[in-house]
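I have a structure here, written as structure tokens, and I will follow up with some questions on it.
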Amino acid sequence: MTVTDLSYALNTFYLLVSAALVMWMAAGFAMLEAGLVRSKNTTEILVKNILLYAIACLCYLLVGYTLMYGSPDVTDFAPQANFFFQVVFVATAMSIVSGAVAERMKLTSFLLFAVVMTSFIYPIQGSWSWGGGFLANAGFIDFAGSGIVHLAGAAAALAGVLLLGPRKGKYGHSGNIYAIPGANMPLAALGTLILWLGWFGFNGGSQLSIVGQNNSSAVAQIFVNTNTAAAAGALAAFLLVRIIWRKSDLTMILNGALAGLVAITAEPSASSAITASLIGLGAGVLVVVAIIGLDRAHIDDPVGAISVHGVCGIYGLLMVSMTHPEATLLTQLYGIAVIFVWVFSLSLLIWWLLRVTMGTRISAEHEYSGADIADCGVEAYPEFVYGKTK
Amino acid sequence: MTVTDLSYALNTFYLLVSAALVMWMAAGFAMLEAGLVRSKNTTEILVKNILLYAIACLCYLLVGYTLMYGSPDVTDFAPQANFFFQVVFVATAMSIVSGAVAERMKLTSFLLFAVVMTSFIYPIQGSWSWGGGFLANAGFIDFAGSGIVHLAGAAAALAGVLLLGPRKGKYGHSGNIYAIPGANMPLAALGTLILWLGWFGFNGGSQLSIVGQNNSSAVAQIFVNTNTAAAAGALAAFLLVRIIWRKSDLTMILNGALAGLVAITAEPSASSAITASLIGLGAGVLVVVAIIGLDRAHIDDPVGAISVHGVCGIYGLLMVSMTHPEATLLTQLYGIAVIFVWVFSLSLLIWWLLRVTMGTRISAEHEYSGADIADCGVEAYPEFVYGKTK
Amino acid sequence: MTVTDLSYALNTFYLLVSAALVMWMAAGFAMLEAGLVRSKNTTEILVKNILLYAIACLCYLLVGYTLMYGSPDVTDFAPQANFFFQVVFVATAMSIVSGAVAERMKLTSFLLFAVVMTSFIYPIQGSWSWGGGFLANAGFIDFAGSGIVHLAGAAAALAGVLLLGPRKGKYGHSGNIYAIPGANMPLAALGTLILWLGWFGFNGGSQLSIVGQNNSSAVAQIFVNTNTAAAAGALAAFLLVRIIWRKSDLTMILNGALAGLVAITAEPSASSAITASLIGLGAGVLVVVAIIGLDRAHIDDPVGAISVHGVCGIYGLLMVSMTHPEATLLTQLYGIAVIFVWVFSLSLLIWWLLRVTMGTRISAEHEYSGADIADCGVEAYPEFVYGKTK
Amino acid sequence: MQLVIAIIKPAKLSDVREALAELGCQGMTITEVRGFGRQKGHTELYRGAEYRIDFLPKLRIDLAVTDEQLENVVETIRDAAFTGNTGDGKIFVCPLTHVIRIRTGETDRSAI
Amino acid sequence: MQLVIAIIKPAKLSDVREALAELGCQGMTITEVRGFGRQKGHTELYRGAEYRIDFLPKLRIDLAVTDEQLENVVETIRDAAFTGNTGDGKIFVCPLTHVIRIRTGETDRSAI
Amino acid sequence: MQLVIAIIKPAKLSDVREALAELGCQGMTITEVRGFGRQKGHTELYRGAEYRIDFLPKLRIDLAVTDEQLENVVETIRDAAFTGNTGDGKIFVCPLTHVIRIRTGETDRSAI
């Protein structure tokens, strides 16, 4: 047994634990979304979340990983640990989409989109930066994926939402905006806390090695910054909402925490905890503004995914130019544009193809009675929702 | 500080983290079962899950561990880490039972069975393979416990179910099969995702050492295979159910994921990820068939535990003969038979003794009004179920 | 790469994983409390739990850490890992408070108290023992914080509860004690299991180093003892309640598990697993007695936080004098008195100041209709609680 | 026309509905209610405090019938909902002066 | 005075309430009920076993009116709740002999 | 016989039930309903969109009584449910032509 063996083992273990935490984010998205949709669409959103994860794992295994990294030359840890760490990232990107299109998107169309997204759209884009392609060469810096994962997911979601239109009853004839409260706030809070925990793996693992004083310190700093940005984001969202409406809107606070997490993801190691908290504060404010802005624009996103992952992803990438010595605003903007245009336009095309062939939107009748009955056969809380005779 | 010290520390830590993940599976079983029973029996199943875990920990500490391993000579990591890793396995085996006998088994009889199962039935059986006994010598291969843990749990469950009979209202006079939907689908999904996460500890930790390139690579491969088999199992169950009934039955998808996990547990390191996905696909199909088959045979298993852990456990053990160079179909069948016969017949005896002495089934009246009121004093969602005057 | 680098990396990783597990306890408290309050106060308790965590992280970063540790000279692991591990502890202490004052405390007053508690009250007190102050010098032993974290949290909670008074309808005119069942038992069980898991980080990480045979063995022993004490606590509470009332009160069992965890926290490494189980048994009995005793004294603690963290924290600290060679009953009592008097009296002052300035209790009308509507704008389960016209 | 209001045990719903279907009743409306009566509730326990549940779950059936159907319907419900134990419930009948089917605008007898 | 009992589709509540408000009806009471009628339910599936949901969610409106208001109210509800599809629901009217407002003790017409 | 239908504030249930028990009423049926009336609802907020909750939680008590009991019962409910604030609720009385106890088959007065 040598020091190299030990380092290899430790790095492998560190990466596997990180990846397992990111896998756990699948549960976070599932619970968050299950909490924020109405109960009549809850079972269906759970089905989507489980299956998108399954599809992402299989498609990335069969196609995506090679597209993104070729046959990477991994020496510091077990190659399979690297694969596992990468595969859970693509699942995260796809999870972002499911929330935004919730309560009205056909299950099968969604799953087919997941196949294309995780096999091609995401990996090709990822190869340009993390795969060592032209974005990496241009100096675009996105440490753990504010852009490559979160913005990418949000761009695909935005394309889907634009083609789908809002949920029935969300916007009135005269431009009124109606609230459609989700069914289960504890689940939404649980989901957010799961995501918060998983994010330590997401950002912490992205250092890719923990051995060596630099690496150890960097990973520790990442944990602290990740946590601090989330805390600041939650607090900022709370204060803003409290000042405007004199109410403490739980879901905005949850979105604030996630906004902080997304924003710090672009560069979680370069800044001090104080800077991280400032970045988080900004994200918490921004996400509230973005959610309300999108609502005003009649872009209906039941869980706020586009605001959290898209708007705050961009914000985080731009902040990198201030915290990272080698990043410039220009290269960051360039990277943002490339990722957004690629993912958005390709997604739009795929969603559109799905719409003209098999349809992407459930029927009005099913939207009214709920996707659970239409697609799944059982409601989320069968005893509480409808009576039945046995 | 020497390299040996470091290796010792790393292996200890790796084993402790793995064990903590397996402990977390207790929450997975609790949530899965709480989601799949009716709300009137939810508090009681939670009580059972917490207490069976507590009993397993204490009985295995006092009796089981020594029965299974004697005083094992552990050198690569702290002996207590080994104990902790082993103790959570027996809790897993016992958790399998609670789901199958849910909604009709008396709490106290169940707990007494748990004492016998975790003190004697499981450890003695475990000593034959993992304890270096005759099954190990015969060449029976069960890497992480498809048989020793999962089949054992399922065999005990089957014995209990056969003696207990089905829940009232599950099967009609003319052989009709009635659906009895569980109360809370998000909890069932959460439970499954918890189990999925915990399984990385279950299988990943079973390598027992992560130091050394072989070990590091094996553990990484195990993580990937575990994840892939689960994904494939979920997808296969979805596709099959979708084709047959044109509905996306969430609980079948969840069972499909678990089926993949159970099947790959028998040998998660020897095969490639592609092979793992094929094993998972098979398990996902098999579990749906098994659930429907058992239902046709009027064996009432509210959560599908016997199909998931028993049928897919056997399937996984048989697959080993194809993926592992040293395994043969015969020795695998031999091991399966030994485990099943031992656990099933002893369990039958214990359940029968319990039945003739204190009774195993709650009264028809309590079954109607719910075990929560009868045994626990409070329902799972007191505000939503019954009104009361304060 | 040297052995020292590796040790540094491993310890850092071990501490970060431990801290992440403790962070996860925030979710545990949130779910436990969300399950044990009535649904009309559920959203508000979730808001409190998320925000107290956020506030704790930021205040401890800005003020508390320096107050408690100065600029600690950390050599065995990355300093930021140490900070992260410490910051989640203060959040835990604060989480204890939220449950005890639930269903009647004003959100903003609570948050302001959180600022003071996590910036000053907790860190100053912590500096006396873990910061190397006079309690440490006096020989007071509190390995992982039965007193410094749990008793401190409970003392602050007790002060708050005494000033707040009980929830309306909890105690009748003639001294009657009325049950106010929580809304969601599965959430309470989930929360407890999350805490159970997180406690492995809480106690296991408190060894602060896993490298070296002594350390490795100590950490492994801590894991086993932590688990065993929790199991024994749950079982003891179950048996006691069962004997008295012939019912299996789930929430008492959950409190029993937590009681075992709190009690073993004072010294989880010095004793054998058998001793740990005896300590846990005692805690499980004690917590039931304490809960009923406090109720008789008309001290209304909806989740049992004062009994679990306060009474069993003291009990655990006293037990140390029997399991730890260097601890004496006297120094333990001295430490208990110092912590309690400091935290209780200062908290009383702060709560009182808040009461005379902005008020600490929500209006009777809001208490009746629920804090969710009054403060948050949305109920926990909007579809199930009140009807509305869209 | 008459409005028959029956309070029954929830477990008896299927039997009652099937019996009514045989009579040719094609519509009814069900409400989850809680009944207080001679049937005793039960005691619950929460954290050491006991409390009684006095209101037991019942189902209320509202059924508009013609005067001719009345006797038959009442008897049918009575038989189908009968278990012989306390808590079996009650049947109330009150006169209806108008019945309208919203979809067709039909009124009275033809609207039932 | 008359008690108007309307069984309507849940989605029609807003329309009905607004139409009634225009008529000057300032009070009503709503109950979540389940209706069985000509409108067919749907089939669900759970772990391979299919089952029918026959009772569909409906809302019941109870509305006390004066004799003069009756015709207008019934017509208003009818129009506002109308979709033309099966399951639109029914309106029943039964006579009330007394109405009391608890807060003021007012009775009958002035209590409505 | 008469059917007394009382819409009350949920918090008043215990008082009403006890007052009725003193009168000797041994049975009643409770329904969770939502009331719309003079009592104002409140505004909620969800993700930046405000909305009103107009229907407030109420309890409906259905109570069959004999003609002699009627006056007493109505008065008792009125007193027990009274708070003096808007939203206290209403009491409606409608005539019952038949009452049947399912368990015994008793009818009318003896069935109440």
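First chain written, first letter: the chains are A, B, C, D, E and F, and each begins at residue 1.
Rule of thumb we're sticking to: a residue touches a chain if its C-beta (ideal position, glycine included) is under 8 Å from a C-beta of that chain, and two chains touch if they have at least 3 such contacts.
Here's who's who by UniProt: D, E, F = Nitrogen regulatory protein P-II family.
Computed from a predicted model, the values in this text were never measured in an experiment.
*Asks:* Show me the overlap between the contact partners of subunit C and those of subunit E.
*Replies:* Expected: A, B, D, F.
*Asks:* In terms of contact pairs by residue number, which of A-F, A-E or B-D shares over half with C-D?
*Replies:* Of the listed options, the interface copy of C-D is A-F.
*Asks:* For subunit E and subunit F, let me know how many angstrom lie between their CA-based centres, rounded off.
*Replies:* Measuring from centre to centre gives 18 Å for this pair.
*Asks:* Using Cα averages as centroids, what's the distance between subunit B and subunit E in whole Å?
*Replies:* 50
*Asks:* Which positions in subunit C are in touch with at least two other chains?
*Replies:* In subunit C, 3, 6, 10, 13, 17, 178, 180-181, 184, 190, 245, 247, 249, 251, 377-378, 382, 384, 387, 389-390 touch at least two other chains.
*Asks:* Where in subunit E do residues touch at least two different other chains?
*Replies:* 17, 30-32, 34, 44-46, 51, 54-55, 94-95
*Asks:* Applying the document's contact rule, which stretches of subunit B touch subunit E when the two form their complex?
*Replies:* Residues 177-181, 241, 245, 247, 249, 251-252, 288, 291-292, 295, 304 of subunit B touch subunit E in their complex.
*Asks:* Using the touch definition up top, name the residues of subunit B that touch subunit D in the complex.
*Replies:* Contact set of subunit B toward subunit D: 368-369, 373, 377-378, 382, 386-390.
*Asks:* Help me check something: in the complex, which residues belonging to subunit F touch subunit A?
*Replies:* Listed in rising order, the residues are 44-51.
*Asks:* In the complex, go through subunit E and note every residue touching subunit A.
*Replies:* Counting only subunit E, the residues touching subunit A are 11, 34, 42-46, 51-57.
*Asks:* Quick one: which bits of subunit C touch subunit A in the complex? Just the residue numbers, please.
*Replies:* Its residues touching subunit A are 1-3, 5-6, 8-10, 12-13, 15-17, 19-20, 23-24, 26-27, 30-31, 34-35, 42-44, 46-47, 49-51, 53-55, 57-58, 61, 77-81, 83-84, 87, 107, 184, 187, 190, 375-384, 390.
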